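Alright, structures below, take your time with them.
Each of the next two complexes has subunit A plus one other chain: subunit B in the first, subunit C in the second.
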Partner chain A sequence: MAIEVRIPTILRSYTGGAKVVEGTGDTLGDLLTDLDARHAGLKARLVTDAGALHRFVNVYVNDEDVRFLGALDAKLNDGDSVTILPAVAGGAFGFAAAAAIAQHGAAAAAARGASVAAR
Partner chain B sequence: MARYDSLLDACGGTPLVGLPRLSPTVPHGAPPVRLWAKLEDRNPTGSIKDRAALFMVRAAEESGRLRPGDTILEPTSGNTGISLAMVAKLRGYRLVCVMPENVSTERVQLLRMYGAEIIFSPAAGGSNQAVATAKQIAAEHPDWVMLYQYGNDANARAHYETTGPELLHDLPTITHFVAGLGTTGTLMGTGRYLREKVDGIQVVAAEPRYGELVYGLRNIDEGYVPELYDASVLTRRFSVGTRDAVLRTRQLVEVEGIFAGFSTGAILHAALAVAHEAVREGRRADVAFVVADGGWKYLSTGAYGGTLADAEDALEGQLWA
Partner chain C sequence: MLSIDRSIVDAIVAHARRDHPDEACGVVAGPAGSDLPTRHIPMENAARSMTFYEFDSMEQLRVWREMDDRDEEPVVIYHSHTATEAYPSRTDISFAGEPNAHYLLVSTREPDTEEIRSFRIVDGVVTEEPVRILDAGVDPHAVQSYMFGQSPATVDYECSGR
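Presenting the complex of A and B:
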């Protein structure tokens, strides 16, 4: 039984750069344990020491937030698609989009700091 | 027809319209499943954000934080900035918006036309950087008033006091409320109101899922969840990708004649999901969803025409919600 898992850019250091990996498990918790066996350290980035999903991580099963499906106990089925995303400020995609546009000059832009324009 | 003393008084009271063509067909004899669109583009500056902007300014005035001639500071590149600029102009304040470099020229032009001044923050850090920059500028200008929509109770209260009651008045049989998850103000305020009044109401969030570059934070710990967000108000939360949002946005104008922005397409996608689920389960459903704004500000993306793949490419790194 295989479940497809989409890994965000910032966590691909744990998957050898892979965007999509496969795993198995009856629940999300089982799946993350299975993934961690092959991608050591991944689970610790997603689950706190207290055993809950990290506050700034969102996990979706078939496009639905698992926090409303039982979180780590959310049931999984063969063929499900799991997406992991970091939380970013919603309603402000403008900012995030601009980050995407600026990908090439990211380092330079980050160093530049705020500048006042259009007075 | 209605008459108002000023544009500010014309905020809210938006129409709720049925979508007979987009509502799913139910088997003969099965209970009806109907979709309803709350046309928030009919607000003074054309988006749902007018409600929050007006309430946040009024709350700051009432608490004494804002006095005539003061400067308001807000991190926004979108509708909130346009709404605040209009409210600030009419109430006699100066508005400074913090936004990333490289936002669309339409946004910058609109904001300046309404009288806002703009401070650009480094694009690379995304929304978190813009928020951090705004906080830093606020520290440097302690006399500037930062309304901070992500953590301002008046944002959610605007919807608790207006959007929620309007929906219940127009649709007493409401079973589902679906809206976009951004600052979370719409869902928190409307959701709380409806939960108090309607047994079993489903409060459903549609969250835009962008191209992966958008999520290119350096560290998970740099993530950001708006202070207003309280997960217990929601019953479900969907992540909607660009392609589905564009598809539904086009469908809404092609089938029902409602020309909306892409965030509305994402919301409609989630609304259709719960509507079809109700059909499968043989349950009655009156699903009300938010049309957050019109499509005008997004025309230049080119994503209203061509193939869905073209549109997806066009929106990669563009403002769509």
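Presenting the complex of A and C:
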């Protein structure tokens, strides 16, 4: 099962400069583990020590933000296209405040995901 | 050094003023490898905050794909600080994920003048750079440089020698 993964400039040092790589996995988490076997260090840039998707990246499956698809548990199918982009964010506020906002955002996204699942 | 057309700077400043006191953000795309910002794309601040900005992830995907299709890259990523100086915050540095981009900051804390400064942010290291404003409509050889955050009221003119 091959899934195409588009790599942003900042992470191409892990893929020998390649913009697109291929991997396999039933979920996004599995795919990243598979990619890390050939591109060591890539997964650590995308997944926190606590096992959550990093705040500094956006990951999409086809045209959907994976935060709305279960994040690392998002299901993948043969022929899917995964796109990784650096999240663009910042601002005058300190980082602790930004992290709090991010957590609030993640909670809101989880709530949205739950309401989608409930439908 | 960031070289950028005056009409684009004017559009960025207008965007920052329009969204003030919320932070405004956007991109200026240019041909890949050219280091020349040519296409201004104002982005929505999904955080709608006076102290934080965040691209909407779906809008970003659309814009980044469009750049890819046109063989462009984000040459400039800009945002405004509305009550503080135009210098990258720790949050800005943590998030900076485009090593080839010029990070342009506009401060709108003063009602009459804007502070415009540009930075490279690579691996958490911030390096300020001069901003060279090109007056294409007037004379392609005439430039006005905003050196290290001088406000537009205090810039010096550089002459082309003619």
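Observations
Here is the rule we go by: the second predicted complex is superposed on the first by the 88 of 119 C-alpha atoms of A that agree within 3 Å, B and C clash if a C-alpha of one lies under 4 Å from a C-alpha of the other, contacts with A are read in each partner's own complex, and residues count from 1 in each chain.
We take it that contacts are C-beta pairs under 8 Å (C-beta built on N, C-alpha and C of every residue); 3 or more make two chains touch, one makes a residue touch a chain.
All values derive from a computational prediction rather than experimental measurement.
If you count the residues of subunit A touched by subunit B and by subunit C, you find the higher number for B.
Contacts of A:54 after superposition on the shared chain: subunit B is touched, whereas subunit C is not. The contact surfaces that subunit B and subunit C form on subunit A in the two complexes overlap at residues 8-10, 56-58, 60, 63, 65, 67, 83, 85-95, 97-98, 101, 105.
Here subunit C touches subunit A in the complex through residues 23, 25, 43, 47, 49-55, 57-58, 60-61, 64, 73, 77, 79, 81-84, 88-92, 94-100, going by the rule given at the top. Here subunit B touches subunit A in the complex through residues 75-78, 80, 98-103, 107-108, 112, 117-131, 133, 136-137, 149-150, 180-184, 205, 207-226, 231, 234-241, 316-321, going by the rule given at the top. Taken in their complex, subunit A has these residues touching subunit B: 8-11, 19, 45, 54-58, 60, 63-65, 67-68, 83, 85-103, 105-107, 109-119.
Subunit A makes touch with subunit C in their complex at residues 8-10, 56-58, 60, 63, 65, 67, 83, 85-95, 97-98, 101, 105.
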